[in-house]
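For reference, the structures are reproduced in the following blocks.
Look at the two complexes coming up: chain A is in both, with chain B in one and chain C in the other.
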Partner chain A sequence: MGSRASSLLREEDIDEIKKETGFSHSQITRLYSRFHSLDKGENGALSREDFQRIPELAINPLGDRIINAFFPEGEDQVNFRGFMRTLAHFRPVEDNEKNKDMISGEPLNSRTNKLHFAFQLYDLDRDDKISRDELLQVLRMMVGVNISDEQLGSIADRTIQEADTNGDMCISFSEFTKVLEKVDVEQKMSIRFLH
Partner chain B sequence: MPGYCAVLLQLNLLDYFSFCFQWATLRMERGAKEKNQHLYKPYSNGIIAKEPVSLEQEIQEMRRGGAEPEFDMSDIFYFCRRGVESIVDDEVTKRFTAEELESWNLLTRSNYNFHHISTRLTALWGVGVLIRYGILLPLRVTLAFTGVGLLVVLTSVVGLFPNGRIKNYLSDKVHLMCYRICVRALTAIITYHDSENKPKNGGICVANHTSPIDVIILASDGCYAMVGQVHGGLMGVIQRAMVKACPHIWFERSEVKDRHLVAKRLSDHVADESKLPILIFPEGTCINNTSVMMFKKGSFEIGCKVYPVAIKYDPRFGDAFWNSSKFGMVNYLLHMMSSWAIVCSVWYLPPMSRMEGEDAVQFANRVKAAIARKGGLADLLWDGGLKRGKVKEVFKEEQQKLYSKVLVGSSEDRSRS
Partner chain C sequence: MLKMRMRMKMLLLLGWCCGLVCAGQNRSDPRGQTGFPVLSINYDYVQMPFEVSLWILLASLMKLGFHLLPVLSGVVPESCLLIVVGLLVGGLIRVMGKNPPVLDSQLFFLCLLPPIILDAGYFLPIRPFTENAGTILTFAVLGTLWNVFFMGAVLYGACRLEAGRLASVDLLSCLLFGSIVSAVDPVAVLAVFEEIHINELLHILVFGESLLNDAVTVVLYHLFEEFAHAGEVTVGDVFLGVVCFFVVALGGVMVGGVYGVLAAFTSRFTSHTRVIEPLFVFLYSYMAYLSAEVFHLSGIMALIACGVVMRPYVEANISHKSYTTIKYFLKMWSSVSETLIFIFLGVSTVAGPHTWNWTFVSITIVLCLVSRVLGVVGLTYIINKYRMVKLSGKDQFIVAYGGLRGAIAFSLAFLLSSDDFPMKDMFLTAIITVIFFTVFVQGMTIRPLVDLLAVKKKKQSKCSINEEIHTQFLEHLLAGIEGVCGHYGHRHWRHKLDRFNKRYIKRCLIRGERSQEPQLISFYNKMELKQALMLLESNSSANLSAGDTAAPQQRSRKTLNISKEREEEIRKILRANLQKTRQRLRSYSRHTLMPDAEDEDEDWSETRIRKQRRMSFMTLPALRESPAVRGSRVESDRPSVLFTLADERLESRGHKPSVTFCLDVEEKPLPRCVSDPGADQLLEEDESLHQRH
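Up next, the complex of A and B:
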């Protein structure tokens, strides 16, 4: 029988997700269909393997870090709400943002939240600081075997030197934000969702 | 009035079906609007708009002006966005499930808006079910059994003849007749284009693969030598009978792994001008007919003429794609025989040969591009084997190499200045 994806999603759920993330009704149903097609186990939640089955994601050097961003601390299943909450970070910023994220009082796709998403890709142990070690590991993921340890080390050192203002040899979130203040984060971290 | 009748007569059966399907869809849309709900629309138009910007372009754009740092913390944005884009919509995984349609074709299996059906629509659907399962299916199954039975019996009879022109003539006729019965068993409405390019002896015919029915569709219009693995059971019986009448190429499971053996048998076959052209599906697996995926280079290394064929099914009347991870063969055939019809178009393309300085992979891609263009399908470099297997590490390493070049490249510039 064909997929009944849309009938498993209730109108109340759609409305809640709409309020929380700002996606439109049709976008939510389409994304639910996508969620459902990725969910090979058909248990209403995605595991890391479900993500890794996407070839374009598997060849992305930071694929594993991105997948990790979908899973809350210590969990290895993400349900549709969590999936949408993470995707909401990539909604383009509109001028008339009416929806608010419950916790931080800011919409999920604000500049700060987009920057925070990127920050978490670097921050491997989720301690709100990017240490030299973490930076090196992420750099190594991005370049593979093509750059030597020494060269990579000096790149990491230079980056931390330029960003670190309080001398703790780590990059905090505010230092990260300062370094990227001239970058058009809103455009670079947005995906054009069709209506 | 007479003019009206004339128009009605000119519309053929398929047009009436189309009209019904469109009415069904409109009815559902109305039902949904009345209940103040939204209709589920398939994402055939895409969920997101992607920009095909390359890694280098994007990273250069992101570099802030002034002194060029080697690495910028914002470089991560590119990988991040690309990664999430592929989570929302990627080019590969959607090719392995049936295409979703805008309008409903009154088959339960392709409906996603059940709760919007009115009584009138349900009645129409009910009548459809009665016709399809009560009348069409039994008729078709009988035809199928007849076709297959005749194939086995008659090819064995032809096998008794001594090798020669009479045997070949009879074998061709028998094969064609039985395949045509099978075509009727599926109610396949096929339009053949450019038949002057039909494959000839001493060549290989390559086509895009959507379903096992592809074989029946092509073989009912021309005679081919089939290639495949030896099966047990009913399939094995059919294979053994067919090979009595004319030479087909069946491989044992162990032989399939040996690429040289496979290539040798294929070359020997095409070298013999009296033998029929070989029919091969280089994708190696069934794809859902919206795209053509990577062609395995084996058939393109042999060095003979290649006759490309493009097959495009019209999914409105019955989706022919075989999702082998979801449905078994019997289930699939039942689906096919209980659809309205299988409608498809076959284009015979002019023969192609390997050019000077072209290797097998480039030749394969050239043929693939021609087939994709003719059939209106997307031309993808991805391997159909990704349906079941993992993507090779080497592709990730390529991405890493590209990015490293961007980093190291800028340091080389600096050391020069």
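Up next, the complex of A and C:
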């Protein structure tokens, strides 16, 4: 199974992915075999059903949103490149990369990009603002069904009021970043991919 | 001038206390023989408790004194000052011709140490601890083992080379000495680190290590003691020693866990006897400690496990007053214990028989430093391969430099029997010197070094609902992504534990509806209550600063809109409260603090949400004053807000609101409300919980 999987992945592809995402060779091959095991239809791309089969996502309150985050705008299939691009956000930040000059700008796993990924999970309509309704939806997902709407509403109001600095009753990305400046995002949003 | 007078007063009090203590060592005279004794002295009757109280009084007065002299306490850590005081007191007693008391090991281990450890364990920040558990365990177990064997071996070599008086020190004694001296001491670490406010990661690393290395110390100490007694060591014995380590550590944790669960379960039923709730917490923890000590398991780990396991459930069950009581009692006892320990260390130094040996002592001190540095650097090199956030050189330096030794080492050495260990006095002298060195030199210099190296300090952040929400959000997100990658990291297991906890354990151990409450909601409720109280307190001074008016006004604008919709609900609530408060008795019995505590709990579940909202209404600054109300205003501004609301509603219905109504509603105990008079004190200290002054 392992050798068959890696034979479908060409060396040039691996090199491109390495350059784009920063994963190492062994990490890419390992994640490719994981990709392949998820891909029940064997067509080289994952659909939403493939993700929904993962047990951890089924019980996760944010399961649907996470699945949506893998798929680019309007598409129903994600290939291995897209899969890796999303996962690259969760690579731990390494010290030697902080000084590297990348032509394409910041690496995908920089703090700003990590926060931007999280921000987009809140912001469904992609208007660069978290409105009260979007916040309420997320809160409802995390808290369950036993809490009344009014209480959730007051929590949402309080949250927006704490974060909002320009008075537009929404949380923009810069306000989001500012609120989380004391949180150790580099550690909280990183997964240790084994070498 | 004022300071001089205070210093004189302090000295006088100190002298008087010491005089009394010394005089107390005498036997009292029998009464005179002529006639009926009108006034007689019978000091023997009260001698023991009297002396104990005097010592504690002395310790507390010293603490008081230090904080009247801020210059000194800014430079020198409190522990150093206390040891100096102990030296002075010991010297005074010696000058008076008596023998100063030595720190009795039984007293230390059974009475002085448990409060400090319980305080540390109950308020242990769980999240940083579990995130760094691997690192902490590595330092505690492997680091201590390295220290013991390295020090033991090098000391033995030095004793061999030196010959002369040191020739009789054999390998086993050196190893035993190494095991006593290498353990980082939680009391000393707490005392020093509390004052320097370094960042949470370093604090939890050093502190966690000092707590967990107790298991290693206990095992090695008993092991070497047994070997020295038995006289010979076989390979089987060594293997048994390793097994013993696991038994001691895991057994201690299990004992603590069992008692913790018992305490949590008991607290489920205490809704009718709120007054003794704190007692259960203290008793179960102490029993856990004692039970572990019976079997020579690690008492410290039992205590920590008990506190950690019991806390989330107990806090959901007990009243807020009990929570406050527990917090303050723990802080008070641990503070007094710590003070007493350091003072006694000073006194014991003056008292104990000393055998000074330049070589031994100097090698010990040098070795302590060297082995600690080597151990930390070596272990960090290995640990960094597995950590996501690596430990930098600065971090390693602080961890190495913060390895202070303290009274536990002294007490363990004191427990040695002189028959098996003829060089016990030399050991004691060396240990005292090491303790003095680490506490004075390292304790005093660590603060300027921290500033010099620009180590990150503790972030003074107020609790923020944003951080809580987003942190939970990220936890869920990362758990999902780990699931996608097929990666079973520690988040996966933590998620599983959380789910197990929520489904089974919380149902058993938490009373009533709170077992279903999500963590986010409890956090939010606590925050709202705190803020409501803060605003009430600041309303009474009637001076809102310019910076605050912006936020509350925004809030009031929003909450004003909501209140218009909820008029009927407010009317209902107020009506119900009016009826209740009329029946309220002002009596105070020893069994219940609040006669209608039961009523409060019954309709708690229904009106809880409404009460929360009412509290948020109370954050309205006095904006809604209408001219009709202003005339009948009471002097105290504090209940003004609800008063105005109540007034308007009730005036429309023809009731005349009374003063008592208003104040009663304010003081009506809400389930998680703080109705203590010292509310603002409590809040400030909540934020700086770890400061013990």
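Following the convention adopted for this analysis, the second predicted complex is superposed on the first by the 185 of 195 C-alpha atoms of A that agree within 3 Å, B and C clash if a C-alpha of one lies under 4 Å from a C-alpha of the other, contacts with A are read in each partner's own complex, and residues count from 1 in each chain.
Here, a contact is a pair of C-beta atoms (placed from the backbone, for glycine too) under 8 Å apart; a residue touches a chain by one contact, two chains touch by 3 or more.
Note that the structure is predicted; figures quoted are calculated from it, not measured.
Novice: Clash or fit: how do chain B and chain C relate after the overlay on chain A?
Specialist: By the criteria stated at the top, chain C and chain B clash after superposition.
Novice: Considering only the touch criterion stated at the top, classify A:Ile191 as touching first (chain B), second (chain C), both, or neither.
Specialist: Both partners.
Novice: Per the contact definition in the header, classify A:Gln161: touching chain B only (first), chain C only (second), both, or neither.
Specialist: So A:Gln161 only meets chain C here.
Novice: Thinking of the overlay built on chain A, is A:Glu11 touched by chain B (first), by chain C (second), by both, or by neither?
Specialist: first
Novice: Touching A:Glu150 in the superposition: chain B (first), chain C (second), both, neither?
Specialist: Second partner only.
Novice: Does chain B (first) or chain C (second) touch A:Ser26, or do both, or does neither?
Specialist: first
Novice: One more residue to check, A:Pro92. First (chain B), second (chain C), both or neither?
Specialist: The answer is second: A:Pro92 touches chain C but not chain B.
Novice: If the two structures are placed on top of each other, which part of chain B overlaps chain C: 292-300, 310-318, 382-390 or 400-408?
Specialist: That would be 400-408, the one stretch with clashes.
Novice: Please identify the positions on chain A that touch both chain B and chain C, taking each partner from its own complex.
Specialist: Correct list for chain A: 31, 34, 37-38, 51, 54-57, 59-63, 66, 87, 90, 118, 121-122, 138-139, 142-144, 146-147, 151, 155, 158-159, 162-163, 176, 179-180, 182-183, 185, 188-194.
Novice: Where on chain B is chain A touching in the complex?
Specialist: Those in contact with chain A are residues 37-38, 40-43, 45-50, 62, 64, 69-71, 73-94, 97-98, 108-115, 382, 386, 390-391, 395-401, 403-405, 407-408, 411.
Novice: Chain A touches which residues of chain C in the complex?
Specialist: Residue list for chain C touching chain A: 131, 388-390, 459, 461, 464-467, 469-487, 489, 492, 499, 516, 518, 520-521, 524, 528, 551, 554-555, 558, 609, 612-613, 616.
Novice: In their complex, what parts of chain A are in touch with chain B?
Specialist: Per the touch definition, chain A meets chain B at residues 1-7, 11, 25-27, 29-31, 33-34, 37-38, 51-63, 66, 87, 90, 117-118, 121-122, 138-139, 142-147, 151, 155, 158-159, 162-163, 171, 176, 179-180, 182-183, 185, 188-194.
Novice: Flag every residue of chain A that touches chain C in the complex, lowest number first.
Specialist: Of all residues in chain A, those touching chain C are 31, 34, 37-38, 51, 54-57, 59-63, 66, 70, 87, 90, 92, 95, 118, 121-122, 138-139, 142-144, 146-148, 150-151, 154-155, 157-159, 161-163, 176, 179-180, 182-194.
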